[in-house]
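Structures are listed in the sections that come next.
Shared chain: chain A. Partners: chain B in the first complex, chain C in the second.
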Partner chain A sequence: MKIAIQGIGVVGGFGTGVADMRQALLSGVSNRSSVHLSNCGEPLDLSALRAETSRLNDFVPIKAQRRIDNFSKLGLLGAYLALEDAGVLAEGPQERLGVVIASGYGATGITYAFLDSFINDGDICASPTYFANSVHNSAAAYISIMLGATGPSSTVSQFHLSVPSALQTAWLWLAEGRVDRVLFGAVDELSELIGYAWYRQRGRADHSDMIPLVTGRESAIPGEGAAFLLLSRQEEVQGGYCLIDHVTTGRFLKPGFLRTPDELLILGADGRRDMGANYAALTEKSNIACFTPLYGSMPAGPAFDLAVASLMLKEGKTFASPGGSECDFPAQVVPGGSSLEGSRVSSLTLSDDDGYGLVNLTQL
Partner chain B sequence: MTSRPVAITGMGCICAAGNNLDDSMASMFRGTRDPAPPLNFFSNHPIRYPVFEARDFVEPPDLLRTSALGLHAAKEALADAGLDQDFLNTLRVGVCVGTTVGCAISNETFCREYRSLSAPGMAPLERILRSNPAAVIAREFGFSGPCQTIVNACSSGTDAVGLAASWIRTGACDIALAGGADELGRITYIGFIALLIADESHCKPFDANRKGLNLGEAGAMLVLESEQVRKLRKKKARSFVLGYGSACDAYHLTAPRPDGAGLKSAIAEALACNNTDPASIAFVNAHGTGTPENDRVETRVLAEVLPGVPFLSTKGYTGHTLGAAGAIEAVFTVACLERGAIPANIGFATPDPELGGTPVTENTSFRGTVALSESLAFGGNNSVLIFGTAGGE
Partner chain C sequence: MNTKEKLKKILITDLNLEELAPEDIDDSAPLFGEGLGLDSLDAVELVVIIQKHFGIEIKDMEEGRSAFQSIEALAAYIDRRLAAA
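Then we have the complex of A and B:
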């Protein structure tokens, strides 16, 4: 079975929606912002690629958003944008729609707000609203509620392999006929404490821009956002972006998992110094591209890679990898504007505990 | 679409009722329970709510307690299945674990230090980041199959078993370790009290005077095995996963849909998987949290969909173990099928006329080889598993 990607909904440092993402792909530039850290010895603003959710007002009345936290707003916006992009937003309640969400960190902002509520005022003053919103599947729940989606719903948290792992579930649901469509999405938010944790683990980047195809350099910039794909069985839809052929996960220390070095590999390399060498070693002599500088480093990142791959396959040509011309990988960086006719594109994600996720996509 | 039964060849668990499956079953059939205010953490809440702690269990310092509970259960399950490391090394083995706490990037000490401007160290968060429950088990045994941690609140464990069964059916792996794990901690303890759904006394599932849940902690794992591998090693199944269904209420973040439509859909899907006759269900291991809303919706659905089928909640023995609940209840369901008996629904004394029925009030023998276990969750998730001891032989 092959899966068709019918619609894409993205919000991230590059902006909101496919048009903004495409513009960023063409220009190679995203809007740099920051996350304010009030306590790192002294206050500092950590460079970041932030997402903003004001366009959610187009889909959900502001009054109905009042108890929804930032994490779930990101998810809701991504979901609505994907349905709008697929042209199915007006279809009403979705009884045969499954919802699968991937998130590395979950709703960390509201989780720490919940902790604040009893740290500040005692256990008896804990906020029930904050607690209810802090569960990992809160975004999936809000999406199901707002869309009337009564099919199965699942949220997966596998850190940097959350996206390929969750995509396997979406695939299974379609293959088993449990649902007609799956709204698949990845969400991660950059709360202050995640920003602080990032800063403590990685420090400030030693380069002003992300240069993910250079090993031995720390250039990662934290990101946040949501990337959603509306998925259907190939035989049941017309149009859309492209097809997902396979999704595999495993351990890259076991040899032989990359059997298709001729196709274009979009790498999840994101400027983390400790991961660059692994990507470089595994993609020797491959044709590669990398777009993480447009949305930053986050566990949800591979879902943005899938969105970019979809756009490339639909348009039949490549986009240039942002991040300048610097590359010391023993691989061929594919230039922008190259033809993709008849070609496959794959998205490769590595985790820091020798796991990998590989998603193979083809043209419709 | 019907789906093949999937063999269960091993099980393990740890909870307040016992440090392994045999002890837990014996404890339940003795009718014993001992919830008490938490010993492993402190709360300044003026009411000391009882909880079910796995008191004898001590986690290693480098792992979250949640992941250690899951690993403990995984080791018992693999031993029960008779699978040794050398043989496992020749197979593609997947791991699917449900949890709530095990993926939460939250640590109170870290948060307190940050708020007090003392620039906390990263040790608490680094411990969380290396403790993803499924990854911990896969890493421990060197498994290279699919690895997934499901965070669907209180249905996580049920969903993990259901998904892993699909992995086996589709050939994604030869063997899957599936289950759930969750630890007790201050954050969930305070959270459920804040939601006003915790009982100040021992929980009373399905009782007219029920006031809510008691939290618990547990790890529970099942070994699911492909027919190919089972034939190779001539291994008899303990039971089979006959069906799995799940559906979302799309109604409210924390309350179940009053008409139970999502639960009905999940039950219908699970029954349809293997064309299971509802009349063949010997008993239902219900979610039965002891909250007014859950028990009302659940019994009304059971009365409508599976009228007359005996049901119980085992949460009176274990507490509500959140992401582990569906897994430990799956393990108990299979063990009860093997035993031909279910324990009394402890805590129940007074029938509630608003409910759709009353649970079993004493240890009860049954005839039949099929049983159903169900979970309802925050987010509106409803998930159902059907097990049968004779389904696939």
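Then we have the complex of A and C:
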């Protein structure tokens, strides 16, 4: 079985929707913003690529959003944009639609606000709304409820391998015939807590640019956002972006395994120096591209790579890597505007503990 | 600031009623259903909000039911409880 990508919904530092993402791919520019940290000894603004959710007002009345936390808003917006992009939003309730979300961190903003309320006001004053939003599957539940999706709904968290793991779940649901479509999405929010953890581990992130293919230098900038794909079994749809051939996860990928001359390999390298060497070792002599400077460093990132790969496969041309062509290991950084030779693109993600996720995509 | 004004500001912030300003809230309009449009989950939030901001614990359902009729009724209830403390 192959899976067709019918629609894409993205929101991140580059803007909102496929058109904004495409524009950022052409210009190589995303909007740098910041997250304010108030508990670092002295207040500071951590450089970041933030997502903005005001477009959600086009889909959900403001009054109906009042209990929805930022994480779920990101997810809802990505979900609606994907259905809109696929042209199926007007169909009404999606009875045979499954929803699966990948997230490395989950809804940290509301979860820690809930826990803080225990400390500040005592457990008797814990907010029931905060509690509901802190439940692991709440974003997927909001999406299912609002779209009338009565298929299965799940959230997968496996840190940097959350995206390929959740994609395998989506694949299974389609293969089993449990659903006709799956709304697959990845979400990560840059709450103050995540910003603080970043700052303590990596500093202020005030690099001028992310240059993830220069693996010997730290250049990571934290990001947030949501990337959703509407998936169907290939034989049941016409049109769309591309096909997903395989989704593989595992451990201890051997150098040379990925050396496929006809294939473009999109690396999840995100400017974290400690991970850069692993990407370099595994992808020597490959044709590579890297789009993390578009959306920033976050575990949900590989879903954005899938969105970019889909766009490239549909258009039959490559986009230039926004971090530039500079690369400090022997690989070929593919320039923008070239034809996609071999019509195949793969997305590689590595975890901190020798795990990997590999998604192979082909043209329709 | 009197209790009614304080209460309106707290409700707008804590219940995320962002589309409303304090002056949009009618003192005598029902909090639930037709008036402010709050629901059963908001009722639980209200119990928490009153305890958190005013130090008043509402344990009796009937007491809560009459206090939660309107901003006016709730402010009067809070003032009464604070005076009795």
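Operating definition for what follows: the second predicted complex is superposed on the first by the 349 of 364 C-alpha atoms of A that agree within 3 Å, B and C clash if a C-alpha of one lies under 4 Å from a C-alpha of the other, contacts with A are read in each partner's own complex, and residues count from 1 in each chain.
Here is the rule we use: contacts are C-beta pairs under 8 Å (C-beta built on N, C-alpha and C of every residue); 3 or more make two chains touch, one makes a residue touch a chain.
Since we're looking at a predicted model, the values are computed, not measured.
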item: Chain C versus chain B on the shared chain A, clash or fit after superposition; value: fit
item: Partner chain in contact with A:Y279 - chain B first, chain C second, else both or neither; value: neither
item: Touched partner set for A:R66, first chain B, second chain C, both or neither; value: second
item: Superposed model, angle subtended at chain A by chain C and chain B (C-alpha, nearest 10 degrees); value: 70
item: More chain A residues in contact - chain B or chain C; value: B
item: First, second, both or neither for A:Q168, with chain B first and chain C second; value: first
item: Which of chain B and chain C A:S127 touches, first, second, both or neither; value: both
item: Contacts of A:T108 with chain B and chain C, given as first, second, both or neither; value: first
item: Lowest inter-chain C-alpha distance for chain C and chain B in the superposed arrangement, angstrom; value: 8
item: Overlapping contact positions on chain A, where the chain C interface meets the chain B interface; value: 124, 126-128, 132
item: Residue ranges of chain A in contact with chain C within the complex; value: 62-63, 66-67, 121, 124-129, 132
item: Chain A-facing residues of chain C, complex; value: 15-19, 37, 41, 44-45, 48, 51-52, 57
item: Interfacial residue positions of chain B with respect to chain A in the complex; value: 1, 3, 43-46, 100, 103-106, 108, 110-112, 114-115, 117-119, 121-122, 125-126, 129-130, 132, 134-135, 139, 144-153, 159, 163, 166-167, 170, 172, 186-187, 190-196, 246-254, 261-262, 265, 269, 377-381
item: Chain A residues touching chain B - in the complex, by the definition given at the top; value: 38-41, 93, 99, 105-106, 108, 111-112, 114-116, 118-119, 122-124, 126-128, 131-138, 140-142, 144-145, 147-159, 161, 165-166, 168-169, 172, 175-178, 193-194, 196-197, 200-201, 249-251, 254, 353, 355
